Each structure stands twice: as C-alpha cells, then as structure tokens.
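Consider the two complexes below, in which chain A is the common component and chain B and chain C are the respective partners.
And now, the complex of A and B:
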C-alpha cells in the first residue's frame, strides 16, 4: 500500500541522499546535511509565516514566493557552508564527521533557545502552495530531476573527475595539480544548497517545522541512504534514498518486527554489497 | 579511475523503476464512494508513537485503546474494528500511517500522539474528510486545523493555572516563585509560558527561570542558582523522568517550599523516581484516577486487573476516552440511520457530525465538544501526592 505522500517522502529521501553524496564523492564524510536541510526549512517557515507580503494569508501560497524562499534559503545555506567549510574541511575522515555532527548539534541548540525560530514548539501553520500531495510530488520530482541531472553532468566534468581523484587519493590528486581545498569546498557548498532546497519544500509539506529536524539520527539515516545505494555514481544515493524511505512502510504488514528487519537491511547491506546497490563499471 | 555508468543506460532503466512504483501505487487507495466494509465491524485506525522518543506515551495509549476495545466491543450493535499503526515520533511517520489507514478504509482515526505530528498529518485527514479524535494533542490550534479534527485532551491553557491558584489557597504567604522547564521539549516550553502568565496574573514575583534539557539527569547548577534567589515556590514544566529527578535533587539540596508541577508529570511513573521526595507536590490534572464516577471506576478496575494493580496514567485514560467517543457516536448514528451499505465517504461525514454532537461519560468525567472540536471537559483536578511509608508507591489525593 503506497500513497502519493509516501512518494513525496521518497523523493525527499533521494534529495537528501544526493546532498550527502556530493561531499562523499570528494572523499569527505560530512554529516552536516540535516543541518542545512533544517536551515532551508527554517528560512521557508519564517519567511512564509512572518512576511505577509509573500502571500501567506492567500488561499494558495504563490509559487513565486516559494521560489523566492528557495533562493534565499540556498543563499543562506551556501554562504554558511562556504564560511564554515573553509576551516572544517581541513579536518579529515572521522574528525570531519565529528565536526559536522557538532555543527548540526550547535544549530539545533541555537534554534531551540531562540523564540524567534519557534524554540522547542516550532513554527506552525506554514502556508500551502499546493492543494494536495500531487503538487509536492511534481515539485520534488522537478527538483530531484534537476539535481540528478546536474550530478550526472558533474561526474563527467573536470570538477567531478577532480572530486573522484581526491576520494581515491588526496595526496596524489594534489600532486597532479588538483586544487583539493577548493574542490572539497565546492562539493560541501553544493551539498548544502541541495539540502536547503529540499528543506524549503519539506517545511511547506509538513506544515510545521521545528528544531528536531536537525538531529544525529537524521545524519545517520541520510548516510545510510548513500551507503546502501552506493556512493560511486549519482544513481546510487537516489535509489538508496527511495528504497530506504519506502522500506519501513512496505514492511508494515509484519507489524512490530518491521524496524528490526529495516535495521537488518541497513546492517547486512554493506556486508554483502559493500559498494552499494548501484556499482560503477571499472574501466 | 572508475568509468561512470553512462546516463543513457540509466534512462533506459527508468521506465522499469517507474513501472515498479506505479504497480506499488496501484495496489492502494480504497474508493471512498464504495460502501463501507462492516464485515469485522466499523474500521477505525489509531496512529500512536510506538517507536522513537515518544514511544513511552504511545505504549500508555495503546493500553488505553485495548482496554476500551475490551470494554465496548461486547454488546455493541456495530463494534469498531480497530487497527493500530505506529506513527513513529516524527512528522513523516505520522503522515505515512495516516495515509495508510485512510487508504485502508478507516471511518475515523485516533491520534497522532504528538502535537507536532498532528500539525503535519491531521490536515491530510481533513482534506480527505476523515474524522480524527486526538487523544493527546495539547498544543493550541489543533481543532482549528479543520472541522474533521477534534480532541479529548484539554489544552494546558485550561489546566495549568488551577494548580497555582490552589497553591496560593493552601499557603497565601507565597511571594517568590522559581520556574523550571525543559527548553528542548515542545510540551514543557508551551506549558511554562502558561504557568508564567498565571504567576504574573496572581501578582507573584518570578525570581528566576531555569532551563533544563529533556534528557538531563543532573540539575545541580540550575537548582543552586534557583535556591540563591530564595523562592517560596517552585513551578516545574517537565516530563516524568526529568521532573522526578529534579524534585528529588531539589529536596535533597534543602528546598522546603511548595512544588507545583505541570500536566506532564501526571503519571504514577514518577513515584519510583522521586520516591519519598514526591510527597506533597501539587499537580494539575486532566484526569484523576480518584474521580468517583461509574465510567472511571470501571476503567480503573479494568486497568488494575490488567496491570497488576497499578493506577492508570492520564494518557491511557485519554486514549480510552477517544475510543469511547467514536464507539458511542457510531452506535448512536447506526441506531438513527443504519450505516450498512452507505458509501464510506458519507459514513465519515455522518460520524464526524455525530461525534461533535454527543456528550460522553468517560473516565475523564463528562465531556462534549465545541463546534470546532475542542473538548469541553466538566472537571479538572488539582491533586497532591501522598507517598506511602515505603517511599516507592503513593497516591494522587484530590484536593477539594
């Protein structure tokens, strides 16, 4: 039993997975995705509920306002990622992961302790740009298509090749003349932009937004999407995001066991298919 | 360097994925124009937080629904066929469970556990014309989500000020108040605002407001800085575990004054946590196990029989009441106009009207609904905890 709204959540999962995949493609294990996702959602929630000029009180929230929110959210998240990325990306491997977890945690505390961001209660009654889930499905579908297309293009461009080179061997890449710091930073900023754009739509879709969106669990879930799907090509995270979002729902018939089976899939996936569901061909 | 998969290949695969998704999608959605399926009773769904960080609440609620089923199913001309689904503790989980149960042909829904989930998921039911009775959403604005959304859980706005008034009545000398709340918990944050307003309205002086976190265990810093302000009364908006711990530490550090706690601690689960230190705390309740009505006596007896003599918590009573509201409304509606062979859509509309129209003798006392679906509850309670000499068990004694 699948409903349109589950498809919407699946597409959201795929987008977040792509956001995790981008830095991972450059060999950087960043768990900051939920943080930028939350920033996107918070920007959308604040703008649409606090600025009457955007048409929040209209029966149907104007799409132009949605687009404007997305631009603002992308700018905010991109700028933040740029500023934070410079020092943070000097860290490697597990240290980078820890720093990005801390980043998400700091963001959560900031949101919680400021009434302006809705504190623990969150922001309610976010205006709806679409009548039902169908509109969100199209919007998310478009967004995913654009991001997936851009990722597919990126993989064949010098920048994408440079990212892959850094993943395979950062020192060798640097010796080959790849500006590793710059490439890593670009990957980090792109990831933030994708996550923020997904967050803007999510805030409207969920109708309420709160700081609980940014937590450690979300970091791990999105990482699992990429690990199960595969981190070599853009299709891997997309499939991982779609499948792992749908799986708990498809498993509902088995009742209380479903989360155990879900956990087993996440556990056994990397053991039996370490490269993920979608592998790249070796030349 | 690995050669990447050409996107042409991916595009060729795409139709297969779409076909798969389409197939999955096509096996859903009951036609709401089809007649309602009464084979096993009127289908009703419940969405509870059985997993995630709100699972303690969901488990309490599940017991309430199961007891209600045992109580109302026999002797009913049109029993409810209840299916409980896990809504997780987040918005996405609740949305999925709502859709699943609506597609399965539920005539009415009970849930979700958390207010935040309700803001995300209840509009779906509203859009599709399915009545929702919320058993535990206390945030402002829930019934306003639409005419199909109602609740049996009273807002903190109504309950919280009662205990402040009672505390002053018991000790008119109270002047200085210290307030504690968990700033990462939605319930605590919204209730403390109401408490603080009530304190101001009584012309009391709030000497300090201390923030804690839901998962904190040690409150030494907050308590010592609060005690430095020499409060006569401490007001807590906390949940059972953190609140119970805070009370124990507060007493151990020498606070002798009045302690008033919010609705989140209205559960016997606090006894083993603050033990003998629980004694004397004042609590505002939307449900009291001490209420002497037939409905409550029979509910408490059922609970005690199932749970080895334990006293039912508020969430269990509220879930029981939500089920009772739907069961009784169904019964009345069916008597007036048999639901057999009516289209599901019409059954949902009729049932919603009947739910809002009725008056119900629940364990919470007599309740009815405002036209928006807000609960109108006759009796709220202020109780004082009296611990037994063993320090492990106790009782919420109703104050007159």
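And now, the complex of A and C:
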C-alpha cells in the first residue's frame, strides 16, 4: 500500500538531493548534507520542546513558530557552513569529500554524546503543526517548489554559470575573472541552508529526533540521488531523489532482497547511465 | 606510568589492525587514484570467513541457518584462507564496480558510488545468508596458551593482542619487501607513479590493478579475522565503522603512502586508547578530528606527497 507518508519522504529525498547538487554544480563533492540536515532538525526539536512560549494556546503548534524555527535553523546552518567552508573548500576532489565525511561523523558523535542535544535517546514529543501527513505533504511540496524554482533561476544567472564554469575548469574560470573561492563558498552555504530547512520539517514530521540521521550511509544515498538523477540541471536531483526514495519502499514486498536490489541499482546506474536520467541540453 | 604503558600496548595492537586495513585502501588509491568504499565490506567478509573456517555454525536467522563448514581448521590455517577468500571478493568488486568505469575513463565521483553499491550488496548478502546477529569466535582457539601474558609491574597483554601484532607486523614486512624488491612490486609502483607511461613501457596495468585489489582485500580479510578474534563480529554492518576510521588513518598518513598508513594506524590506535574513560563516548570522534585537522593543516598527510595542481 502506498500511503501519503511515502510521498512526504520522497519530497524530503528530492530536497536533500538538491542540497547535494548545489555544491556539485560548482564541482565540489561535499558529503556534509546529512550533517546540516541534522543540525536543522536539532534546532527545531530544541526550540519547539524547550521554549514553551513558541507553543501558543492552540492544540496545534503555530505555523509562525515553525517559520521562526526555520529562520533560526537556516541562520545556524548557514553560519556554520560559512565558517567551515572557508578552510574546507580549499581542498579538492576526494580530499573535500573525506573532510565532509569527517565533519558528519564528528557532528554525530558530539550530538549523541552530549546531554544538551538529547544524547543517545534523542528529543521526543516534538509538537505537531499539522494534524496529519497531508499538512506535511503540502509544506514539503511548497519548500521543494521554492528551492527547485530558485535552483532553476540560479542556473540561468551569472552565479549559476560561474558555478558551472568552476566545475568544468576551475583554473580557466579563475583566469576569466570568476572569484572561485567566493562562488564555491556561496554554493556550500546555500546547500547547508536547504538541508537545514528540510531538517526542520523532518523533526516535526518524525515527532522525535536524534543525531543518528547524520551518517555515512545517508551521505552516500543522497549523493546517489544526484548521480543517478543527473547532476547537470536541477531536475536531475529532484527525479533521482523522488525515485530512489520510493524504490526501497516499493521493493518492500521482496523482503530481505530489497537492499541488495538497491545496491545493484547504485552499482549499475553509473555504469550504464553515467550522466544520470536527466541530461543537460547544452552538452 | 605502568597504566600508561598498558594503554600504549592496547593502542598499538588496535592501531596495527587499523594499519593493515588502511594499507589496503592506500594500495588501491595509489594505483587508481580513487577510494574503494567496498573495502569495509570486504573486511567484514574476512571476519565471517574466519568464523566459518574455524568451524563456527550459522545462527538461526540467516538462510543458511544451522549449517557449518565440515572442518574446524586451526586458527593459523583459517586466517590466511579467510584472507584468500576476501581477496576473491576484492577481485569480484574490481571486476563489477571498477573495471567497467576504468575502461571508459569515467570521473572519480562514479567510482565512489559503484564501489559503495558493491559494498551494500556484499553486506546485505551476508545478512541474508547469515542473519543480522553478532558472532563470537569459538573460545578455545589458543589451545594451551594462556589468555593473558603478564609482563610484570601489573602490565599485561592479551595473547590475542600479541598475535594480532605479530601477524600485522609480518604482513607489513612482507608487503614492503615485496613492493620494493620484486618485479611485480616495482611494476605496481610504476603504475602508481604514472599509469600511462607504465603501459607504454609494457606493463599490463589492468593486471597490476587486479593484483593491488587482491592484496588489499587479502589484508582487509586478515584484519577482519583478527578483529573478530579480539572483540567479536558485531553483525554484517560492523565493517562500516572500520571503513570510515580507515579513511582517517589513510588521510593522516598521506593518501597513497604505505608507511604513512602504518604510522597513521598506530597514531590513531594510541590516541584512542589515551582518551580518558570519562570521555569514552567521544572516542569514535578522535580519528575524524585528527583527519579533519590534518586535511586543514597539511592535506598531503604525514608522509604523503603534496597533490600537484595542473597549470
């Protein structure tokens, strides 16, 4: 049975895929997305459970408070990405990927070990702004629409073109006057913001939150969304995120074999469709 | 002081397994310039092979429930055989996840995904066949040997730790001799230096890459068996943590540097052992903190060559 919750997860997958796509468009392989997603969720979980003032008088959690959480989470994640991005983005290729894996691992261990963030058990009873999954479907749909629209617009603007230029040839881009460090940093911060916003909604949707979401598997799964969907335009990650999130659930009837099939898909995908499902028009 | 010595012994013995594991990573990285993310899964295979070859029975949750290998081999036979089994797995991974991309000259990003796909398949196959439960190796492997050797002044070493150190030491010694003295070892270094030139000089680089995978996976398999012996097998996913920690070791020592991998393994093993018990929850972050600092301060690692930028 396919229910609404699967569609909610698919939209979440598409959002995370866009977060991976943004730095990748500038040629930067960052695997830090689950980390910023976890930061977003942790901010939302802490604010909504620790500050009674946000709850309001109604049974449902006010949407204005949700919006406020989102602004705080975006600010925290964006600032962190800005501070970390400066030194980390000096690294190239696989070195950057490994550094971001390390970031996610450190973040998880620290969040899971420290009592301020709910430690190993996590934070429970996160209040609900919506009465059912339909509300989350609309909220995620809205968020995805905004982010996808912004990405589509970005691709046609000088910043988006500068990003693509860095991906194709960083040295040449720098010679053409693109301030590569700045563009890469902007892409990294934008990615963190998208992931954190997705995390805020997720913390409410899942009702409880702990840092186990920030793990290496999640890093690679979200990267697989982009690689299989196509990393040239915004549509690729969206399709990849939707399809690959649905796949393990749709395969549930085959039971234990489903993760093996999922493994086969991410093993064979890059071999048979190296450019992903959605190819770009120009190249 | 004695307490410190004890911590050092513990740290060095765990560091030796990290080193063995990371040597495999670095061998493959040096010939291909990419990281094999299925390495952790191959390590896990080595641990399970060791368990089965020692005569261990499959638990009740897998498809092979209740079955066991007809012979219970002695440890010193089972361990190298498990390594060979792991090498076969490594060759399989190379054939399905690396060779098709290499032929096409694909971008390194794709190797990351395909090798991880291969790892996911291996881990879930193990889960399907042997169940998700933890396995402990049979208890009487050491025969008449005592489980713990006292070194005086209250310092002691577990016999398993000693064995681990000896096996790891021998493996590293043979590897370094082979790399530097034999013609295959030199060919491997040549491919690592410059694949195209090596091919022009008549070196079959495809065969050398397979050789690197086989050796790397053999080392991973042995270290899997040794870790299973010293702690136990925590389930099909237990190699993933080692796989990630191995990345820390690799970067600390320098990507592509074999002595660096050994040094990095020992440093991280000792650093972890020195984390005070009160902060033990943070122990798993030590390797990554090292890794992160190293990348920021000195991306080429302790013993690696700095990456060159094309102009």
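Note that in this section the second predicted complex is superposed on the first by the 279 of 283 C-alpha atoms of A that agree within 3 Å, B and C clash if a C-alpha of one lies under 4 Å from a C-alpha of the other, contacts with A are read in each partner's own complex, and residues count from 1 in each chain.
Quick note on the criterion: a contact is a pair of C-beta atoms (placed from the backbone, for glycine too) under 8 Å apart; a residue touches a chain by one contact, two chains touch by 3 or more.
If you're wondering where the values come from, they're calculated on a predicted model, not measured in any experiment.
By the document's definition of touching, of the two partners only chain C reaches A:216; chain B does not. In the superposition on chain A, A:9 contacts chain B only, with no contact to chain C.
Touch criterion met: A:259 reaches chain B and chain C at once. Contacts of A:94 after superposition on the shared chain: chain C is touched, whereas chain B is not.
Of the two partner chains placed around the shared chain by superposition, chain B and chain C are both touched by A:113.
Shared contact residues of chain A with chain B and chain C: 112-113, 256, 259.
Across the interface of their complex, chain B is touched by residues 1-7, 9, 112-113, 119-122, 124-125, 132, 152, 155-156, 161, 164-165, 168, 206-208, 210-212, 232-233, 235, 246, 248-250, 252, 256, 258-259, 278, 280-283 of chain A.
Put simply, chain C touches chain A in their complex at residues 34-35, 37, 96-97, 100-101, 104, 106, 108-110, 112-114, 116-121, 124-125, 127-128, 240, 244, 247-248, 251, 255, 281-282, 284-285, 288-289, 291-292, 295-296, 299, 307, 309-311.
For chain B in complex with chain A, the residues that touch the partner chain are 1-5, 7, 10, 21, 24-25, 27-29, 50-51, 85-86, 90-92, 95-96, 99-100, 103-104, 116, 119-120, 123-124, 127, 139, 141, 182-186, 188-190, 211. Looking at the complex, you find that chain A touches chain C at residues 29, 87-88, 91-95, 97-99, 101-103, 105-106, 109-110, 112-113, 171, 216-217, 220, 223-224, 227, 256-257, 259-260, 262-271, 274.
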